[in-house]
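Next, two complexes with subunit A in common: one pairs it with subunit B, the other with subunit C.
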Partner chain A sequence: MAKQSDQVHAPVGGRLFTPMFFGLGLLVLVAGFFLFNRFVFGLGSVTNLSDGYPWGIWIAIDLVVGTALGCAGYAVALLVYILNRGEYHPLVRPALLASLFGYALGGAAVMIDLGRYWQGYNMFLPWLSQYNSVMLETALCIAAYITVLMVEFSPVFLERLGMKNIRRRLDKVLFIFIGLGVLLPTMHQSSMGTILVVLGHQLSPLWQTQLLPLLFLTSALFMGFAIVVFEAVLASVGFRRPMEAFILNKLSTVMAWLLLGFVVVRIADLLFRGDIVLAFRANLDALMFWVEIALHVTALVLLWPRRIPASPRRMFLSASTMLAAGAVYRINCYLVGYHPGDGWNYFPSVGEIMVTVGIFALEIMLYLVFVKRLPVLHTVDRAYREEHAAQAREGGAAAVGQAT
Partner chain B sequence: MHAEPAGFGAAEGADRIGDLDSYRNALGGLTRRQFLKYCTGVAATLGLSPELGVRIANAAVSGARPPVIWISAQECTGCTEGLLRSYHPTLETLILDQISLDYHETLCAGAGHQAESFREQSVEANWGNYLLVVDGAIPTKDGGIYCQIAGKTVLDTVVRLADGARAIIAMGSCAAWGGIPSSGPNPTGATPVHEVLADKTVVNIPGCPPNPYNFLSTVLHFVAFGSLPALDSKNRPRFAYGRLIHENCERRPHFDAGRFAREFGDEGHRQGWCLYYLGCKGPETWANCPAIGFNDGGSGSWPVGTGHPCFGCTEQGVGFTKSIHSLASLQTVTPPTAFPRVVEEQGGADPAAIAVASGIVGAAVGAGAVLASRLGKHGPTPERPPEDAK
Partner chain C sequence: MALNRRDFLKLATVDGAVGAAAAGSTMLAADTASAQLLQRPPRPMPEEAVGLLYDSTLCIGCRACQVACKRANGMPIDIPETYEAWNGGTWDTPTDLSGDTLTVIQVYQDGTMEVKDRETDGFAFIKRQCMHCTDASCISVCPVSAMTKDPVTGVVTHHPDRCIGCRYCVLACPFGVPRYEFDNPFGQIQKCQLCTNVPDRDIPACADVCPTGATLYGRTTDLQQEAERRLGMAPGETYRFPRGALGDDRASHEAPIAHYQSAVYGEQILGGTQVRMLAGVPFADLGMPHDVPDYSYASITEGIQHTLYKYFIAPAVLLAGLVYFAYKNARSHRPEDWD
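== the complex of A and B ==
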């Protein structure tokens, strides 16, 4: 464990202003144009939001899916610090980075989506809070977690700036923040399900269940793990680095069991309630339900642990299928299965879509800047390679033993 | 109708409540309060002022209970069965305390010669004063031989008894307009009572069975005021048959809004929408079924309330004549071909937005596929655990 904690991280370096960087920047500018309209002329000028659909993709995708992608830090911290599985430590910093972006931009999306955003600060004033509101709980929890993430990630900045004294002092209290960093997402990721429980019959029985908090928490965990794998594969391809294939493979086993649990609970709940019949109607709800289930099952099949460790292609495919599955589940819960009453329809406007695209583009741009200029990824030197190989030999035997 | 008959124990005035307490035995086990409430209820059913309930109460306990002779012709006893299920008053209160039911083939305590001779005694003693109720159609073909009681045709019996009756009530659709027995080919020449007794006023209370309260209210009106309630052109009491079922139907708003069940068990049927297109005869049938319901079951306890279209049992030329599923001929409003929408659709997909969204999903899947294929070919190979580990 000690060795892994001393893991040396370094900036990847390289050119910052690549064609891809400018492409992403263009998307961010387009989003900026629509956001300008939104703030000058109001929500109605850009979005298709209505009294029936007071939230759209800015909440369903930017916040609900975005923060699930941001659960990388949560999932890995849970594994490394709570379950004390130190071998996953090389994944912590990139995971925290993904979390920081996912959550910060999710929080930004909420502020963009607030009709009277200039009153948004009121939710932080205890004497104005509505303590029975599950949305307040979620909002405060997310805000707190963004702060915690910044503290958790701050060693990266401190290392870069060479502030060793502060770093040392921070290390002494960091465990508190790590603890909070696991507690808070457990709270608000399940609360995102509770928000829907409160909606009652407005949510189709295909999704409405008392188990929503559990399902949301589970899906946040496996989406968090999946984004770690997804990012690691992309980083190794993009920056031509060796892949943490062995660690990632072990992680896949954890994900497979989580995903299996999710699918079993999801289907058993529908069977128990008898609402599975709704899945055999000819409508959008049923179609999207089957898309969701098909993605989950496909991901599960791709993931299922076997004797031979998975190829990078298989890992990439399973991780991206899993991300798609989780995203579709969340969009189904927040938009497709949500029926506010007869006559209301919603499909995002071009403006809404472009803002969402812009936010994700910004996320990728910032990621590139951070890993190129800050010590996020671990160094790939000879010592690391040797240690890594030894660890693969030891753990490999155990892993293969488990799988068989 | 008989010219202003003096009522049986007609009340002297609405302002005086008689000495009801001394008639405790006459109240059918009800307390004084319950009894007055019941009489007020009867007044309400008749569409009369509640004050008149007092007169009804006085009349009901006046002691001079009107004798009633009930003759059953070609019928199924459904009308009597319906009457047995009345609860305000119960049948025993009616026949033991309010009227003197001297002859009824189903409810007689005696039988055979005993019953017949008691009827003859009562008719003789009350000639000109009794109430004659007939349920069932009267067969007239071949001299009426198709329905005989005690060796006499019911045709002869009814004609004879009608001469001494103060009022005549035809109970049920068979008696009122022929009903089932008169439907083609009508082998017995079944005829409604008013055709057999063409020179007399016959109050028609059609229905299959009629609501017992329509009968009871008519009888009690007669007992209380000594006269029959207002009748329409077909001699039906206006208080019960003055409105189309369609007018008071609880599903009427669905008719007006264009929400129809199109077949049994479809979405509209399960939603409780209008049954017009299933052949509901409510728009051409005059009766108070939706207003008072059946069997004291509360609102909705009538055929349309339970999801079955009305088949027009009270209406001559509709019930047992028209096909159950043929459309009613609308007597009031014809539904328009187009209705205003109940819900205005709002929002929806802009084609450009769909194109952008599909483009993004397509691009993501495409990029993923390209990347996946590259990973297979040129990607870094995973560090496998050594072979000996297996």
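== the complex of A and C ==
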């Protein structure tokens, strides 16, 4: 173990203003153009929202899928600090960073989407709080969690600025924030499922169930882990770093179990309620249901623990499939399965799509700036490489030993 | 049954990788077995609750209520895009509720449309407006108390100065009532408030102007009795239908009793509504929610929330546990030179 934390993490360095960076910046500008219109001419001028579909992709994708992608920090903190799996420690900082952006931008999307955003602060006025509202609970939890993430991530800045004293003091109380950083996502990620329960018959029985909170929580967890793997593989390829293959492989087992649990509960619930018959109709609901299930099962097959550690390519593939699976489930719940009655339909407008694309582009831009300039990723020194090579060998041997 | 349920519990446990999730899931999984488990008790209707009785068989589709509503609420005319070709812009022709229309008369048409209030080859009218639910979804979902229910009259009102425009009420209302002004950069939510928002009105404008008594104002319990009286009579019998408000002194409207559908709409549906309806054709044809439970959806959501978050015990215990482990484990990850 290294003696000092600033030797463990280091900025990757390299040029900031790459062609990719400018490309992303262009997308952000395009989004800015549509946002200008949204604020000057109203939501109707940019979006295809209607009173039948009052929530579109800014909620379903930017917020509901976006924050699930932002569950990287939640999932890893749970492993490292609560279940005490110290070996996953190198994943903590990049995961927290992804979470910070995922949540901050999800929150920004909500502010854009609010029809009366200038009164948005009403949510924080206790005398207006309506405590039966699942949305209030979700919103307050998300706001609190963004704050917690900032605190959890602040050591990175403090290290960079060399403010050791504050860093040390913060360290003494950090465990409280770590606790909160696990509690809050547990609450609001499940609540994002509960939000839909009140829709009753307006949400197809293929998705409407009182298990929505449990299913949303589980999908948030496996999506959180998947984004960690996704990010680690990309970072290793993009920055030509060795991959934490051994760690990631072990993570796959955790993910496989979560995914299995999700699929079993999902199907059992449908069988139990008898609504599985709806999956055998010729309509969009049924099609999207099977797409959702197929993605989950494919990811599960790709992930299923095996003797030989999976190749980076396979890991990347399974992580992407998992992310797609979770995203489709969430979009199905929030948009596809929602039936407000005859005469309504919704498909996102170009403006809506470009704003969503812009938000994700901004996320990637910020991520690149941060890892290049701040101590986020683990340093790749020789000792570290050797240590991990040894671990991988041992681990591989152990795995074979276990299997036989 | 029992076996299924036990299986469920097992499955849920597999799924609950997190201790808390496991606890929550067991509760929730058990809940699937009996829909009642995580439900909070229904909300009773206030004794003096007021509402409307809309009798579709009396409605002649004159839309006087629509016009009076617009005038009372000072709202602009509403012309759907598909009508713009022939509607020059002076005639108010809404086909649905909208940010500019709080009540609308819609029509059901079938085949040759020969006979009023007949399902096949007939037609019928329906008036849409807020149902003033006993246990309203819009109130339950609103994060900032912008939808409230009057404790005495039970009228559901909206407060734009509180509303943040999240449109959760638009999404959640099972009757598709609240509407948002999407074309206005500073748009607001619009819905019928039974004219409680209109100064110097003792009865809603729509009931006031209805020539046949199809829209009648009154205490909901009285309206229910009135509706049951009509249901109890033989079709064809002459009846003096009250107009305006139940019990006021205007001249009644004499007409034969129609063939009614057997139940009063709104008595039980989704926890009950203060607006009640009678019709000659099934309410499904009229585009109203049907085949839905007698309990309100809000009672289910709030049941789940109140179970998981009762007195905040579960989150507090969970947090205590998390903080403990974080304290213990974070120590071991901390570089030594900081201790």
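Couple of notes before you dig in:
Here is the rule we use: the second predicted complex is superposed on the first by the 384 of 404 C-alpha atoms of A that agree within 3 Å, B and C clash if a C-alpha of one lies under 4 Å from a C-alpha of the other, contacts with A are read in each partner's own complex, and residues count from 1 in each chain.
Keep in mind that, in the parts below, a residue touches a chain if its C-beta (ideal position, glycine included) is under 8 Å from a C-beta of that chain, and two chains touch if they have at least 3 such contacts.
Since the model is a prediction, treat every value here as computed from it, not as a measurement.
With subunit A as the common reference, the superposed partners subunit B and subunit C clash. When both complexes are overlaid on chain A, the residue A:Val233 reaches subunit B alone and has no touch with subunit C. Touch criterion met: A:Ser50 reaches subunit B and subunit C at once.
Residue contacts after overlaying the shared chain place A:Ser320 against subunit B, while subunit C stays out of touching range. Once the two complexes are overlaid on the shared chain, A:Asp342 sits against subunit B and subunit C alike.
In the superposed model, A:Ser311 lies in contact with subunit B only, and not with subunit C. Touch counts on subunit A: comparing subunit C and subunit B, the chain ahead is C. Once chain A of one complex is fitted onto chain A of the other, the partner contacts of A:Val264 are limited to subunit C, with no touch recorded for subunit B.
With the complexes overlaid on chain A C-alpha atoms, the stretch of subunit C that clashes with subunit B is 109-117, out of 109-117, 127-135, 199-207 or 289-297. On subunit A, the patch touched by subunit B and the patch touched by subunit C overlap at residues 50, 52, 342-343.
Residues 48, 50, 52-53, 233-234, 236-237, 241-243, 245-246, 249, 307-313, 316-317, 320, 342-350, 352-354, 357, 388-389, 392-393, 395-397, 399-400 of subunit A touch subunit B in their complex. Looking at the complex, you find that subunit A touches subunit C at residues 1-5, 8, 39-45, 47, 49-52, 54-55, 78, 80-82, 84, 86, 89, 113-120, 122-123, 125, 128-130, 132-137, 139, 168, 171, 174-176, 178-180, 182-183, 186-187, 190-191, 194-195, 197-202, 209-211, 213-214, 217-218, 221, 254, 257-258, 260-262, 264-265, 268-269, 272-273, 338, 340-343. Interface residues of subunit B, counted against subunit A in their complex, comprise 342-350, 352-354, 356-357, 360, 368, 371-376, 379-386, 389-390.
Note for the complex: subunit C touches subunit A at residues 4, 7-8, 11-12, 14-18, 20-21, 24-25, 28-29, 31-32, 35, 38, 96-99, 137, 139-145, 160-168, 170-172, 174, 176, 178-189, 270, 287, 289, 291-293, 297-298, 300-302, 304-305, 308-309, 315, 318-319, 322-338.
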